[in-house]
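Take a look at the structures below.
Shared between the two complexes below is chain A, which has chain B as its partner in the first and chain C in the second.
== the complex of A and B ==
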């Protein structure tokens, strides 16, 4: 049993709603749904060599806002183990025709999208913990 | 030219969150462009120093990630460190990453210190475009850059679609202008296989949260294939509408006649240049 927390890593998420969704998902999981088993880390700091040593080999679930997948790429470059990756725009498609919000504020639809992704991640976290024998 | 703001990622530290909020607020007030720090780090060629009149960096904590990442690649006109500013001006520090209401009042109290600053200008040489399979001409307009493939047997319409001819088969798609206008594409509505299409008829559509774009076929013919991957990955059109984001393939029926209404790379470049200039 590793008892190591699983990192939830959103994209930098600035300026676009899909990025903001990814950030809010990370907060939802880390602060509300699975605070005991998950943590997050600033993606920008991952790009710096001194931080990389702390995260090599650690499990991470990436939540990206755009197809550039910066969170996933940065995690891999830092030597983390990407257990699962999500793209927020895929979840927005369920609410076709509805406005999820802007780069600075989510609408009610945006908040529903956050809940959907956060729940999917929670299931994934439980799966990882079961595999590790920690549940 | 616009000012660019590059700020701390602002995720797991209260001062980082303030940095991010200040950056967003400033960008709204000054119509400046926010540069996503991590995107910039991953794709530095996406941003060019000469496109900005000034680049302002806002760090949250003394780790100064934004400064460290930007220093060598993007000229910095002015740096701010939120934790220092709060201390220097004896302002309240944010308590936690969940203190939304306190955050807003802190942001408001910080804004005047940013608005008073005048920014210097730094520039360096242009970096190249990250071309893949095709070679691209780049049309620059304001903060936008539009890729136009420089490819023999590739033609365009004034409806911003393209076709790439290979014997009697044409692969078709939308141009970079379309994907940038639509922003994040969420749906690809597929054309019907076997359907006979007359030049300038609709051949499927793509949809973002902004609008639906009917793909206007540049050629007449029969739809023999569409890019099925786009159903699950419509974002590929945003990534590259000429390569992995192609739309459909058509069996041509009368390309010689179609060709009369199509334009080549140079002509499309000039057409697009005029079009984007008119939108100012």
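== the complex of A and C ==
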């Protein structure tokens, strides 16, 4: 039993809504849905040597906004174990024709997308915890 | 309208602390309302995930980094992976370490923090903007060493 928190790592891409969606998803999971079992970390800090030492081998769920998968690649670069990855742009497709918002602000549709992804991550977190024998 | 060289603004966007969110919001404000025609940005982690094109960002644009805490991730990573930056803003010098490093919580994020930093950020931006314009003028051969500019 590790009792280690699972990191939720968004790309926080700044140019488009997909990055903001990823960021809000991470906050939804870490602050609302699974605060006991999850945490986040500044993605940019993973590229600093002194932080890499703290996170190497730790479990992470990545939430990326686009297929460049910055969160996933940065996690792997830092030596973390990527348990699962999500692309916010895939979840937006369900709401085809609706506007999810911009890089600065989400619309009601954007908030629904956040809820969808956060719920999917919550299920994944519980699966990981069950596998570890912590639930 | 005359095409002016754009200025790159890169924020750390740190997820864990308040300063990172303020840094991100400042960059979005620059893009959306404060200097919408003069700013370009790039996602910081693209320096790792992207290719040569992304990594040449700080060489292609005069660049300002905006960091949410004294770790200065945006500044350090940009200098390491992309190129020398023209200026850097550490929000902890404006808002204080305690606030900047405080963990994000469920309280609604206050835009007041962004407004508090506006003057300082825009002063730096406008200085870099003026320097870039001056360089452009010199390179184009229009600058004559005084206040006069030769029209093409």
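Quick note on the criterion: the second predicted complex is superposed on the first by the 135 of 135 C-alpha atoms of A that agree within 3 Å, B and C clash if a C-alpha of one lies under 4 Å from a C-alpha of the other, contacts with A are read in each partner's own complex, and residues count from 1 in each chain.
The rule is short, and it goes like this: a contact is a pair of C-beta atoms (placed from the backbone, for glycine too) under 8 Å apart; a residue touches a chain by one contact, two chains touch by 3 or more.
Bear in mind that the values here come from a model prediction, so they are computed numbers and not experimental data.
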{"item": "Partner chain in contact with A:73 - chain B first, chain C second, else both or neither", "value": "both"}
{"item": "Which of chain B and chain C A:32 touches, first, second, both or neither", "value": "second"}
{"item": "Touched partner set for A:108, first chain B, second chain C, both or neither", "value": "neither"}
{"item": "Which superposed partner A:43 touches (first chain B, second chain C, both, neither)", "value": "both"}
{"item": "Which of chain B and chain C A:89 touches, first, second, both or neither", "value": "first"}
{"item": "Partner chain(s) touched by A:11 [first = chain B, second = chain C, both, neither]", "value": "both"}
{"item": "Chain B versus chain C as contact partner of A:131, first or second or both or neither", "value": "neither"}
{"item": "Intersection of the chain A residues that touch chain B with those that touch chain C", "value": "10-15, 19, 23, 26-27, 31, 40-45, 47-48, 68, 70-71, 73-74, 103-104"}
{"item": "Contacting residues of chain A [partner chain B, same complex]", "value": "10-16, 18-19, 23, 26-27, 31, 40-45, 47-48, 66-68, 70-71, 73-74, 87, 89, 92-93, 96, 99-100, 103-104"}
{"item": "Chain C residues within the chain A interface of the complex", "value": "11-17, 20, 24-25, 27-28, 31-32, 41-50, 71, 73-74, 76-77, 104-106"}
{"item": "Contact set on chain A toward chain C in their complex", "value": "9-15, 19, 23, 26-27, 31-32, 40-45, 47-48, 68-71, 73-74, 77, 102-104"}
{"item": "Chain A-facing residues of chain B, complex", "value": "7-13, 16, 20, 23-24, 27-28, 34, 36-39, 41-43, 63, 65-66, 68-69, 97-98, 184, 186-187, 209, 233, 235-236, 238-239"}
